[in-house]
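One structure follows; several queries about it will come next.
In this document, chain identifiers A, B, C, D, E and F correspond to the written order of the chains, with residue numbering beginning at 1 in each.
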Amino acid sequence: MNERYERGLAKLIEIDGEKGRQVVDSLRDIAPDFGRMIVEFPFGDIYSRPGLDLRTRELATVAALTALGNAAPQLKVHIYAAQNVGCTREEIVETIMQMAVYAGFPAALNGLFAAREVLGPTADSPA
Amino acid sequence: MNERYERGLAKLIEIDGEKGRQVVDSLRDIAPDFGRMIVEFPFGDIYSRPGLDLRTRELATVAALTALGNAAPQLKVHIYAAQNVGCTREEIVETIMQMAVYAGFPAALNGLFAAREVLGPTADSPA
Amino acid sequence: MNERYERGLAKLIEIDGEKGRQVVDSLRDIAPDFGRMIVEFPFGDIYSRPGLDLRTRELATVAALTALGNAAPQLKVHIYAAQNVGCTREEIVETIMQMAVYAGFPAALNGLFAAREVLGPTADSPA
Amino acid sequence: MNERYERGLAKLIEIDGEKGRQVVDSLRDIAPDFGRMIVEFPFGDIYSRPGLDLRTRELATVAALTALGNAAPQLKVHIYAAQNVGCTREEIVETIMQMAVYAGFPAALNGLFAAREVLGPTADSPA
Amino acid sequence: MNERYERGLAKLIEIDGEKGRQVVDSLRDIAPDFGRMIVEFPFGDIYSRPGLDLRTRELATVAALTALGNAAPQLKVHIYAAQNVGCTREEIVETIMQMAVYAGFPAALNGLFAAREVLGPTADSPA
Amino acid sequence: MNERYERGLAKLIEIDGEKGRQVVDSLRDIAPDFGRMIVEFPFGDIYSRPGLDLRTRELATVAALTALGNAAPQLKVHIYAAQNVGCTREEIVETIMQMAVYAGFPAALNGLFAAREVLGPTADSPA
């Protein structure tokens, strides 16, 4: 336990709640040090920095993971996190749609399907 | 409804039949505007252009999605579409195999497994 | 000229100023229709939508292009655009740094070098 | 020298002319065996197969390399090759434009700039 | 049957045991020639070369497939193969963890989950 | 200055010599904290770990950067580093060639050209 870890763990829980801790725990029987590093570097070093608010940080991550298109589980965690730190459903969906311009329609489509899985269908969608 | 949408929808149905409409419908409860955009831009603006026949357009798309390797559902839709607009099984398989040269053997392998799922095994394959 | 084009051109100029028009013009002697499409779809259809402010849209694009790492000229245009619509230098740099987590340190490094080219070195950097 | 090499070299020269041989020669002082393998596998094994004509093979490659976006020198060689085996300028440009749908506008833009470098500007472009 | 095929098949079985043969067989009813090519080029031409031992070859492949992040089935085959040619569990896990630096944390995470699936959880992991 | 930084800086200099310090310095006027993070995480946390020797670590990185194909400057730094920690020219070239199997021939070709730039042409290459 060190300062970076403590700061990172607090940030991870602020952002992801229990889901974040689950990712770390899931590494315990294959690469426990890597679980510690995820707390320390992304959350203790990067997400804890001033200069960019958490809502924008999460939308930037949703944008990047949608565009890369090869990390579906992590994209879902960050769609959840974006909502958790206060992004609206609309902001998340708009960010993903915009990726059609930069990474193509299939990447955006798969991002939108991930969003529906996490956020649920819209209340006013037709039966 | 506008001219681009109508032209796009006709082209989408010509290429993909009911499968195309399903993709559009599948967006209704998460991002309905994006469903409209898929009809308008890819199908109304791009696939409707002269200068390249539909068979070659579909093989180019099969090539690109095999090479990118991160959009399996869309690759399957376009393998189906390629056959639907008149590409032979052999042309589709050759296009995918060729991607081993440009994107590596795993990308080509995963493309071939997608093709078997869509096109079925060859009639004369050993039991 | 149509409504989407006019809306898109106004948005493109709002975001990119003269640099945006230059990208469109640069296509005139190879694919002029594509220059029109860039105005219509990304700017007329996507960036004109409500639901996400322009500052966040530009940071999402900077994030995605840094992560993809294969479109340096477009990344530079959007770093410029981000600043132009009101993002601070710090917000842009933080967004790019964060990509080390999602796309690796080389992608972030190359994004930071692009940022220095567009934004210039910091005033207080050592000689 | 073996049958695959001879078949591959003939095919390479049919497709790329002197440019193909230059690629092979360029490997002589770093990895000469790899120069031989390029002749044997892509050209001796893949491009020599029946079942897909050379024009479609080259457009599929132009599509894939535009979409991947990280192999500009090879994209240029294949834009040249596509024209050399009989593809029209329009077919090449349409194939590259279509990649905006599958890999995003920056990938297509960079592909079009490569095409202008290889094919030259259109005769009727404005001064 | 030719010399390259025989050399490749022996190498494939040395590296992958029965799993390698299964990959080749799995292509029989969609692209049997591609099954032959996998034996000939990767195994007959590349893995059979002197100058790099099989253990390092397999770790290089595990590194690349983890970083690319779009070929999960093949990554698992090569994690198995790495262990089969004598790499320790620790070497495999370290190689995958290192990819966080070059391709981001999600790519490394997904690689580690693949490793647990192939290698099993550590013996001393907490219940 | 902290323990991770000091351990990382010593490792960075062991691996890359002056070139490593130059990368860190090059960030001073755009994102100095990121220069510190490069020392701390990749070198202080990852490359300093036991369980995988430096030679294999560098070849794994050369493999990954060749396969990703979008970070040419960093690939060159690591080809230099690989040689610096004791990899032979042959091992480096074999690792890059092998990437043709996993990421395609263009990625391997561009990796080999980077290798020639860093390692120089072979002594016995024809004039």
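FYI, a residue touches a chain if its C-beta (ideal position, glycine included) is under 8 Å from a C-beta of that chain, and two chains touch if they have at least 3 such contacts.
The structure presented is a predicted model; accordingly, all values stated were derived computationally and were not measured.
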Notebook entry, point to check: Comparing B-C against B-E, which pair counts more contacting C-beta pairs?
Noted result: B-E
Next item on the list: With centres defined as the mean of C-alpha atoms, identify the chain lying farthest from chain B.
Entry: F
Next item on the list: Taking each chain's centre as the mean of its C-alpha atoms, give the chain farthest from chain E.
Entry: C
Note to self: Centroid from C-alpha atoms only, then distance chain C to chain D, rounded to Å. What do you get?
What the structure shows: 30
Item checked: chain B-chain F separation of Cα centroids, rounded to whole Å -> 39
Next item on the list: Would you pick out the residues of chain D that each touch at least 2 other chains?
Entry: 33, 37, 41-42, 49, 65, 67-71, 74, 93, 97, 99-107
Next item on the list: Flag every residue of chain D that touches chain E in the complex, lowest number first.
Entry: 33, 37, 41, 45, 49
Checklist line | Complex interface listing, chain E residues touching chain F | finding: 41-42, 46-47, 49, 51-52, 56-57, 59-68, 71, 74, 88, 90-91, 93-95, 97-103
Item checked: chain E to chain C touching residues, read off their complex -> 67, 99-107
Checklist line | Interface residues, chain A side, partner chain E - complex | finding: 23, 26-31, 33-34, 37-38, 41-42, 65, 68-71, 73-74
Check: Which residues, counting only chain B, touch chain E once they are in their complex?
Finding: 68-70, 93, 96-97, 100, 104-110, 112-113, 115-116, 119, 121-122, 125-126
